[in-house]
Amino acid sequence: MTYERWERSTEWPLAGAALMFLAIYTWTVLTEPVGVGAQVAEHVVLAIWTLFAIDYVARLTLAQQRTRWFLFHLHELAIVALPVLRPLRLLRLLTLVSLLQRSVGGALRGRVVTYAVIGTLFLVFVAALAMLDAERHAPGANIQTFPDALWWAVATVTTVGYGDYTPTTATGRFIAVALMVAGIALLGVVTATLASWLVHKVAEQDDANQAVTQRQVAELTEQISALRAELASRATAPAPSQ
Amino acid sequence: MTYERWERSTEWPLAGAALMFLAIYTWTVLTEPVGVGAQVAEHVVLAIWTLFAIDYVARLTLAQQRTRWFLFHLHELAIVALPVLRPLRLLRLLTLVSLLQRSVGGALRGRVVTYAVIGTLFLVFVAALAMLDAERHAPGANIQTFPDALWWAVATVTTVGYGDYTPTTATGRFIAVALMVAGIALLGVVTATLASWLVHKVAEQDDANQAVTQRQVAELTEQISALRAELASRATAPAPSQ
Amino acid sequence: MTYERWERSTEWPLAGAALMFLAIYTWTVLTEPVGVGAQVAEHVVLAIWTLFAIDYVARLTLAQQRTRWFLFHLHELAIVALPVLRPLRLLRLLTLVSLLQRSVGGALRGRVVTYAVIGTLFLVFVAALAMLDAERHAPGANIQTFPDALWWAVATVTTVGYGDYTPTTATGRFIAVALMVAGIALLGVVTATLASWLVHKVAEQDDANQAVTQRQVAELTEQISALRAELASRATAPAPSQ
Amino acid sequence: MTYERWERSTEWPLAGAALMFLAIYTWTVLTEPVGVGAQVAEHVVLAIWTLFAIDYVARLTLAQQRTRWFLFHLHELAIVALPVLRPLRLLRLLTLVSLLQRSVGGALRGRVVTYAVIGTLFLVFVAALAMLDAERHAPGANIQTFPDALWWAVATVTTVGYGDYTPTTATGRFIAVALMVAGIALLGVVTATLASWLVHKVAEQDDANQAVTQRQVAELTEQISALRAELASRATAPAPSQ
């Protein structure tokens, strides 16, 4: 079993497990279940966590340069090893976006925009969930319902920042900072894609000029070939002309 | 009757109908008419809606690949089929912008900027109207007059977001999210246009260098032609020189 | 007297008049003078207004295509003809920035950045003055001192928008909208300049490749010339070799 | 001792001194020490200041064009000569970032991003410290703890600007303006880097086209050389063929 084969065969199962984790997390945060429901959710989350832990260990074992792999995947270790940090655990779900991304395919700009839009929608949803979970029972907090949390998340990721709802707990503020950084990245991606498109369209005219050069060079090559053929015919059969 | 011909001949009547809808919507939201006035407005809006519904059915019938057309125009179906969603119905008016756009013409960058500016002004106006309509009678809402709604809309679309006025109803927040997205797009368009202009200006110097290459190639072609002519004259009349 | 000559000879006097207007406006807003001081200020402002009115009429008279000039300079007519709109009158001072700009000179990117920075500083200062003038005596307004007005202006132009100070009058909000638009433009200029610089630096590598093509073409031209010279020498003196 | 040699040999000691200053400043602001601790801190800060003053005088003495150097380093004079302005003194620490930057190396885009990220993290930390120092004991101020100051700094640098915490003192607002400007620069760098990357990727296709031109020119040169060789062989040995 090679590293690449392991990755390819575990891709879809792990994405499914991440999706299930998202569903259970959403259900847990929104309904705050007690009794049997809460216990079942707890066990399924533990099972999913075990899957990710096995995947981490397997990949570490299969990696060709183990130390290098370990250093470049420290964030994965943190996500697997610290199951008490719920919001960080959810970052794992971002792998799903890149998976969706790959199946979409297409041109570079289209892919960048698709990735940014899906990733942002996903982040806003997860951040609103995590924020509600963190703030709901904090004294003095004003984000108390899921619609309010979603509203706050959208106002933050677009860098509008009304300030009518703001986190007050440390966890909530960490989530907020992640969303702000995502908002700057979103602005950057939208602007950069538009700029690249405009630059490309304007450059097409320059390309047309360049095509003229290419045609001229091609024409020149043809003339030279004709010249060589002519010289060759004179070199091999000079006598009859004299 | 072909699809293209239908589109061309219904363009201006539909734009007119959309403008009339905007006028009636503006008048209805700002004056909150009762009695006869309200009834007349209701009937005109119904007539305009019928026009758009006929246009939708006609284009669906005339389309060459009907299933494909249906899938790519699902948003138009939603706008036509759900007349209770007032703010969404107003999105139809954006077609007017692209119509204006076409008549302006001109270079790419100019057109992008014109589209962005007109589209943004239009969106701010319509969003302020829809926001006033949604929030005015909601308990605890603080957007109560049209000037306040306009002020809120401008502060949102520029992503400034003071937070002195914020929507509290679900409808109001959906409108706000649309404006925030438009704000990010606006920022992107302004920046991208400036970047494209700067990149182009700086690239003109490179183009000047490229022009040198082209001139050299042209000169070269001329020399080759002269060379061929010379060889040809020697080939046809070699005897007298010897 | 031609149009260009009039423009060149009135440039500096008008810039001086605009500067004096700014000084008097600043002094009037900050100290709210009464009695003789206020009357003197009033008269000087009237004299400056007369200068600008004369300049407008003179340029309209000297313009070659008078109707065209009139249509393209409608904003100047509004600024000259409506002296009661104090904040709009101050826009006239922006001409000073382009004057400073011209004397700075230099490369395109540097000039764009200089213009953006000076223009923004200037706009923030004038907007803070106009805002203080508009809001100070309005009931319920919270911008009451010049430092607060400056603080509000900076938070608005950077699109941060804390919302701790916000305008409440119609005049104040018009000023705020102008600053928000300037803020978007500022963001655009900063980003576009950086993007253009980065694109150019990366493109320099491509230019190096292009230089290789140019050198190859030059070398080719040289070879062709040598070839022609050789053929020419053989054509004029073929006999001795046989 | 030349200017360059002085700079190279004092680089690391001065960076160390700046780091120590940051540590002492952090400790002083967070714990507000009294008695012996405060006195020791005061003396170490004085020693560090002396180091920077010596460095300034030495570089001024060693500079080849002393007047020019003086004018281009006025900001350094202000930082050295005005030790009472604590926040400004901390700007000196930014030299550390460029030092770190240099040791990272790598491609242009990567270096720009590294610089922006490290510089922003650093600025947010120092601004939060300076803000806490300025606001803590001001009447009516609402930034009273370091976590609140950090939260305010992040919301400001991302231009989100909730407004739940805002500075009220003049010093605090100067720090805030510096952060807002940094926020605009950060947005610009992120967007510009993305735009440059996209433009470059799209341009690579055009480069491929250009490579075709280069190959054609190279091929052409080869043909011309063959032609010359052929002509040369005929010129030196024409007799046997006749």
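Letters A, B, C and D mark the chains in the order given here, with residues in each chain numbered from 1 onward.
Note that a residue touches a chain if its C-beta (ideal position, glycine included) is under 8 Å from a C-beta of that chain, and two chains touch if they have at least 3 such contacts.
Here the structure is a predicted model, which means the values were calculated and not measured.
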For subunit B placed onto subunit C, the superposition rotation in degrees, Cα atoms, nearest 5: 90
Pair of chains joined by more contacts [C-beta pairs], A-D or A-C: A-D
From subunit D, the most remote chain by mean C-alpha position: B
Averaged-CA centre spacing for the pair subunit D and subunit A, given as whole angstrom: 28
Averaged-CA centre spacing for the pair subunit C and subunit A, given as whole angstrom: 40
Residues of subunit A touching at least two other chains: 159-163, 187, 191-193, 195, 199, 203, 210, 213, 217, 220, 224, 227, 231, 242
Sites on subunit B touched by subunit D in the complex: 159-163, 191-192, 195, 199
Partner subunit A, residues of subunit B touching it in the complex: 108-109, 112, 156, 159-163, 166, 170, 173, 176-177, 180-181, 183-185, 187-189, 191-193, 195-196, 199-200, 203, 207, 210, 213-214, 217-218, 220-221, 224-225, 227-228, 231, 235, 238-239, 242
Interface residues, subunit C side, partner subunit D - complex: 147, 151, 154-155, 158-164, 186-187, 190-195, 197-199, 201-203, 206, 209-210, 212-213, 216-217, 219-220, 223-224, 226-227, 230-231, 234, 241-242
